[in-house]
Amino acid sequence: MITLSHYLILSAILFSIGLVGVYRRKNLLLLLFSTEILLNAVNIGFAAISKFYGDLTGQMFAFFIVAVAASEVAVGLGLMIVWYKRRGTLDIDSMQSMHG
Amino acid sequence: MFEAIAFYLFSAVTIAMFTITVMSKNALYAMSALAAGMIMISGFFFLLDADFLGVVQIIVYTGAVMALYAFGMMFFDTTREVKENIRAPKLVFLLSGMTALLLVIAFVAPIVSDHIEALYPMVEGVQNPQAVGVVLFTKYLVPFEVAAVMLLVAMIAGIILAGKKMDESLTLKIDDEFQEKGAQ
Amino acid sequence: MDHILSVLVFFPAIAGLLGFVVSKESIRAYGLSVAAIEFLLSLWLWFSFDGSYPGFQFVEVLPLIPSFGINYYLGVDGISLFIVVLSTFITLVGMIALSVEKDLKNMIISLLFLEMTMVGVFVSLDAIVFYVFWELSLVPMLYIIGAWGGNLRIYAAIKFFLYTFAGSLIMLVGMLVMAYLYHEATGVWSFSITEWHRLILPENYQIWLFIAFFIGLAIKVPMFPFHTWLPYAHGQAPTIGSVILAAVLLKMGTYGLVRLPLPMFPDASVYMIFPVAILSLIMIIYTAMVAYAQEDMKQVIAYSSISHMGVIVLGTFAMNPEGITGSVFFMLSHGIVSGALFMLVGVIYDRRHTKLMSEFGGLAHVMPRYGTIMGIMVMASVGLPLTMSFVGEFLSLAGFYQVSHTMTILAGTSIILGAVYMLSLYKKSFFGEVTKEENKNLKDLDGKESMALWTLVLVTVWLGVYPKPVLEPINTSVESLVSFMHKKAITKEAKEVIKPKVIEREAE
Amino acid sequence: MLEPISVSMESLNLGTLAPMLVAIAGGLGILIIDLIKKDLDKTLYVMLSILILVVDLGAVFGQRIGDRGFFDVMLIDGIAVLSQIVILAASMLFIPLALTSRRFHEFSYPEFFALFLFMVAGFQFMVASDNLILIFVGLETASLALYTLIALHNRERSFEAAIKYFVMGALAAGFYVMGAMIFYALTGSVELYKIAEVLKAGDFANMTILLVGVSFMIAALGFKLSMVPFHTWTPDVYEGASATLAGYMSVVPKIAGFVVAMRIFGFLIQSDVVWVRDVLYAAVVITMTLANIMALVQHDVKRMLAFSSISHAGFVMAAIMIGTTQANSALFLYWIMFLFTNLGAFAMLWVSRHKDKVWHDRFDHPYEKFSGMIQIKPVGAVIMALFMLSLAGVPPFSLFWGKLYVMSAAVNSDYIVLALIMAINSAISVYYYLKLIVYMFLKDPTQNEGTIYEQNTSKPLQTIIGFSAFMTVFAVVAVEPILEIITTYVQASGF
Amino acid sequence: METYLYTALFAPLVGSLFAALFADKPKNLVTGIATSTLLFVSWISSVVLLLHVAHGEEVHVKLMDWIHAGGLVIPFGFIVDQVTATMMFVVTTVSAVVHVYSIGYMDHDKSFNRFFAWLSAFVFSMMVLVMSDNFAGLFIGWEGVGLCSWALIGFWYHKESASWAANEAFIMNRIADLGMLIGIFLIYWNFGSLQYDVVFEQVADKDHGLLMMVTAFLFIGAMGKSAQFPLHTWLADAMEGPTPVSALIHAATMVTAGVYLVIRANPLYSVVPEVSLFVASLGAFVAMFAASMALVNRDLKRIIAYSTLSQLGYMFVAAGVGAYWVALFHLMTHAFFKALLFLGAGNVMHAMDDELDIFKMGGLAKKMQWTMILMTIASVALAGIYPFAGFFSKDKILEAAFATDHYVLWTILWITAGLTAFYSFRLVMLVFFGEERYKIFGYHPHEAYRFMLWAMAPLAVLAVIAGFFEHSFVHMIEHVLPVEEHHISTFTFWTLIIVTQAIALGGIGFAVWKYSKGGFSKKWEETFIYQLLFNQYYIPKIYDEYICKPYGELSRIFWKDLDLKIVDATVDFIATTIYKSGMVSRVVQSGNLSNMLRWMGVGLLILLLAAIFYSPVR
């Protein structure tokens, strides 16, 4: 029997995988992939809770998260394009002009 | 039973796919894996009776977002292997592993509550998209509209940032224009 | 004139603002006239002050933040009156003797602002208003030390600012706690010091609050071991800065002790007599010895200030009218005397650009008038009778004698050790042959210096011979303060120690 | 089949939406004007923006406190109105800063102003709701607009800043939704009042999971409020953004964040969830202290101000942790006082903005730049010093009253140790503010050309700086009326 | 009479201020004459007052309030009773003489005017000291004379030794003054007033221990001013000052202030025999101790200074054994002949270009006949030979000591009398007689101005005849001081006189015999005793080594090591630690996005850990 906890744990695991990516990736684009994973992991949780409680709010939330994720991609890509035009790389290590 | 099999199968695939996404050195693999993972997730949505969400997931993610990423990858020329200088990889896994562990510990305990009541219950016999539509255009109309504004913002942002005008800085490059026209 | 205190406080500030307009050439005259008017105003305050009434006079109340109990609340009593007069007087005298050339305009404007804060501290009866002026006084002083000082001036200025600021923030927390307790007791928010005086607290509360207030005040005094900012500040400050710092700013600390913790926490004050006295003793003896070891004239005087402030604190904690009156009077006399001494060192510094004693010797030959005034002031600093200092020192020590015999004997060594470092200073720089070529043609005091210094000498001697006009109003207020504390004290011990009247005065 | 839904217009209470609609419509209007006629001068847009904001503000004043609207998604309580007023006031002060005498890239875009208005609307949504979804969407709208605005400054630094901010923002968004998910999992609701009800009814069963959710929320909001260790973006972003935007960022997003934090943590603290209190206590202390000591070692005034604003935010978070009415009022008082001073300080940097890095190959505003300013530009130096003293909490300048009130709130709730820590931190912070004063007043000028301090100046800028300075100096007069209003509003919303 | 009182008191002050006006101007004879005249006025007033009070009346005035705080009321009040009048007479007489003498002595000094300013100021302070009617007023004068003494010892401030000696004198006195101050505090808190009459009234009711404390502390003050052991070293060094100063301050007046204090406070001392005995014993010890140092010293003025010290010891013995009037009487006679002796020494110094070593003199009698005569008179008086003044007073002291059964004290004093006679005549012999050694050193001695000699004449007369006023003195003084009849038999009385005279004459005789033959051999100078005495028992050296130097050293350690390296360094350490921790925590701010994200992760992890493992009680 698959319970809510199963979904939540799955969500947690996926979220953590996303975190691995966020912590690990040095390429901005790939880093952006990882943030998508984060959001999607949560979406599973929302959908699952929604199902188990018989409540639509969770699906709503998930829906908005998708919207947000899409917007973020747009802005993120825009920023990356500008950066890439300037520096020709998307490596995080190229962005260290400010520190201390 | 079907649910369990589907859950474990999808879980395994999703986890595998996402692992590839975060670990792979090849950007193309990573993106493909991400797309695959997204589709798996939409599978979960269908499994969870969230049909509308599943469709949205496929359309928005696999359709729009992935397309964007693909264009981006072509633009950035990262179709081949990416070189990443990953420092202290152990720390990464320690941090995420610990987080995962703690989250799992927290979620293993079943949630007990007698006070939960569904505000927008799923009604038997009503199609999911219909129900969603009703809620979305009543209760969540405002967030929906705000989301529209957000998308507008994202669109404007994307256009300006990627646009040609950003290529040259007025302030930095043209000394004559440094003085505001007619201001002084 | 009902608002004379407000006028006193804000007149210099407004004048300072207007000073930006005055041209560079006339700024000195402008500053002088403003300071003179301010001094005359304070004299007027003195003459219209009723010396036989112990409470606050010329009271002004104006709501600032009424919902939080913060009011613009001013007033003077015998204790604060003369410190106000001292502030305006020293500013005037300092202005007369001012020898700064660089950025004179900024200097004079800062001085005027400083004057506002000094007067403000001494006349405010609302804790927050007090605190505002207290903190604000750091700013012009920072500028004066930092902009016109010696080589280490920035270090000294920052140290001065940070140290005092840190201490006073702890005091601020104490004030807030006090306001809270007052609120708990009465249901009303109030930061009025006179209201706080009426609040009787349990002893352990008193002790903690006492410590909070004491730290803030002690740093300003400066008590050992918080004193190390002072030598730097003095050593680096320009003459006028040192003069005002020693003469007035340090008094804020001791004045604060009399005004805040003593009447607010009589039991804690009694409880803390011993530790405070130990600190004061260390200040007196230890800094006197350190002063002896100095090579720089100004540092000697700086450390001597600390030593003397020790006596003032000791007198304050005598908890009887003799001691407290004495220490308040000693504040005035120390203001005048140390101000004069710093001014004197400034005179020689202007001529030779060094303050090292080893650079001098035999100055009495070359500058006899200078040597005379220095001699008088050295003797005043040593506490010779018929100078102001003696009256203050004598009364402070006499007062404390009632509290502890041994400690007074130890504190009394200040008259010996004071003589040791002061006379050796005088000997090293003024006696002997003129050895250095540069010293042979030094100019004696010029007109403005003489005028400023002789005024100070005159005051020193006048109030040493006839201190009554000042001593009497102080005494009236202090006596009522002490009997108030006695009444307010809750522990038996405190009731015993605080003695409003020990010796019945003869019927006259 | 579903029942048909009938909704009456009154129950929707569209008035609650009016202010945000004004801002959004205004933004759209600007875009349309641009479509109709290109190459209109920025002064037009600036003035239009101000007008729109004025109308917006009018609409805010028109709101009835305690209203809920639009299926209870909107919540117009006291703090919502109050924070909207602050946001709008700050925005109105910010926008004219575009009227510099130099030409800057971002202001040549009409989209800049549109985005700005959308951002304001986003913040307004954020504070005027207790629905986690709307808060999230509003927050993202505002954030995405803000990233763009930063990037529009069109320097390498500003892109770097925008990307850093964006990526971390994305992670924070992840945290936020995770937290929201856990709340939802526990209570089946995403509306805070409902969440509170359910949790209280269940007597906080599942405490551990709840705390995990709270942890995610703290992390997400900690990012917005730049609490240590989620603060790392702040100095870099402030440095990369234009000075004026940095000043804006240090005020407005934070006040929105505070309101959300107040809503989320407020009920937990009020229902005595000690964990939240303790963790926030630690976070507050660490934030204040660490930011302070890092600010000590900065070479650049702008970075210093960035760290200082982190520290101030920490200071104010303490008010949320304390959670009494006085504390919450103190928060607003503090932030209003902070608004004038900080915006003024950043505006001073903005005024002295110059093209080449003359003093340092990395920093635009190193301390050395201000060396001996008193001799070159005395008025400017004095005003800058006023702002610094105010930030340091020297009375009677504006921030002192805020600090006083926050510390008093701490003392009154028996957080005396916290008050002492605040005091000590204030003392530490004096050092770096003083450092600038030391450079301006106590050092000799390194160059004699006075114009560098007003490269960018213009009448509107001077007006704004003058106004800020005026407010900073005479704050004491304003404290009582402001406090009165704040307390009424805060009390009305039950905090 | 009040007018006379104020005249006597303020005339010197007026003179002093007048002279001070010209302080930095070149020599102006007017200052000398004016101050001398004013002192003469003061002297006349004093004499009038003396005659007035001689019949048992007192003059008591209050000028104004001085300090008034709490219960403490101190007026400027002055009293002239018989003791005061005697002191005033002594002070004004000697100072008038010294003033006139100084006009000649300071003739060539460029600080002539300043000298008179200080000298008159001294007289004023001394008058305040003796005339005040309360302890605080006494203390004003007490400190005032200290100040003037400081200024006058260091008068030639360009000399290192002079300014050093001045400071030494001041500081030594200050040490004692602290004792006195404590005594005054004790009196105030226990008697409630500082007025003599109020205090003495209450003596009977007070606790004995308290009275012991009071008298002891007051005596500490007296020890400093009167240079009693161990605070005696300053007096010999004070000889750096001009000789008239030595005559006035360090022989006749200021140093006797201590004795005056004990006499003045006799109601207190007479009820505490323990302290009185201590006073007497110390006096006797100092009498012998100082005399022994005078035996071998080569310095003209120091010898006289030690003799002063020794005589002060005598006075304290008298006061200690309760014969207060005798002490006062000896104080008076001693003032006359000792001042005379100093002034004579001044003449010699003048003649010898300020040379002080008596072994470089000799045979001066030919050149300076009058000086020789005057000094011999003084020496004889000092030795206590009948019928000179010294005989009467000194003999009374011995008698008093014997009569009160203090035989040990008597023996010491008796021996000292012999020593006194010896060193006095050693001095006379070496200076005025024998070989004319000064020629070797190329000096050209000459007699002093005639008017200086005339100025000394009154002192000479008084040194000779003062003793005969003993009975009228007793008659006058018994109004205020106890005059006890000693119950000793006539036989004993005469035996004592004869024994004393014998040893004095013996001393003189030995000195004359020995030094007319060329003095002691060189070998004697190498003995331990000689070295010990010559080096003043090594006491100055001990003070220097074990007090001054360690004090300086300790001060330096306090400053350099404690204040700078510990106290200040702690403060700076706190500051730098904070600053350094800023530097360290800067690492967080690496600017690398990846690190920044990881920091967020760390934060989240910590929060989660707290959420799961930290659960405070709700």
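We just call them A, B, C, D and E in the order they show up, numbering each chain from 1.
As a working rule, a contact is a pair of C-beta atoms (placed from the backbone, for glycine too) under 8 Å apart; a residue touches a chain by one contact, two chains touch by 3 or more.
Model, not experiment: these values are computed from the prediction.
**Q** Measuring between mean CA coordinates, which chain is farthest from subunit D?
**A** If we average the C-alpha coordinates per chain, E ends up farthest from subunit D.
**Q** For subunit A versus subunit E, what separation do you get between their C-alpha means, in angstrom?
**A** 96
**Q** For subunit A and subunit B, let me know how many angstrom lie between their CA-based centres, rounded off.
**A** Those two chain centres are 5 Å apart.
**Q** Suppose each chain is reduced to the average of its Cα coordinates; what separation in Å results between subunit B and subunit C?
**A** Spacing between the chain centres: roughly 69 Å.
**Q** From the C-alpha centre of subunit C to that of subunit E, how far is it in Å?
**A** Centres of subunit C and subunit E (C-alpha means) sit 36 Å apart.
**Q** Give the residues of subunit A touching no fewer than two other chains, as numbers and ranges.
**A** As it turns out, subunit A has residues touching two or more other chains at 4, 8, 15, 18-19, 22-23, 25-26, 32, 53, 55, 57, 60, 64, 67-68, 71-72, 75, 78-80, 82, 93, 95, 97-100.
**Q** Mark out which residues of subunit E touch at least two other chains, giving numbers and ranges.
**A** 586, 589, 591, 593-594, 597-598, 601-602, 604, 608, 611-612
**Q** Can you list the residues of subunit C that touch 2 or more other chains?
**A** Answer for subunit C, listing residues that touch two or more other chains: 162.
**Q** Please give all chain pairs that are in touch with each other.
**A** A-B, A-D, A-E, B-D, B-E, C-D, C-E, D-E
**Q** Please give the residue numbers of subunit A that touch subunit B in the complex, ascending.
**A** Subunit A residues touching subunit B: 1-10, 12-21, 23-27, 29-30, 32-34, 36-37, 40, 43-44, 47-48, 50-51, 53-57, 59-60, 62-64, 66-75, 77-82, 84-85, 90-91, 93.
**Q** Which residues, counting only subunit A, touch subunit E once they are in their complex?
**A** Against subunit E, subunit A makes touches at 19, 22-23, 25-26, 92-93, 95-100.
**Q** In the complex formed with subunit B, which residues of subunit D make contact?
**A** 1-2, 5, 7, 17, 24, 31, 70-71, 73-74, 100-105, 108-109, 111, 114-115, 118-119, 121-122, 125, 131, 133-134, 137-138, 140-141, 144-145, 147-148, 151-152, 154-155, 185-189, 194, 197-198, 201-202, 205-206, 208-209, 212, 355, 458
**Q** What residues of subunit E sit close enough to touch subunit D in their complex?
**A** 578-579, 581-583, 585-586, 588-589, 591, 593, 595-597, 599-600, 602-604, 607-608, 610-612, 614-618
**Q** Help me check something: in the complex, which residues belonging to subunit B touch subunit D?
**A** The touching residues are 102-103, 106-107, 109, 111-119, 123, 125-126, 130-131, 134, 138-143, 146-147, 149-150, 152-154, 156-157, 160-161, 165-166, 169-172, 177-181, 183-184.
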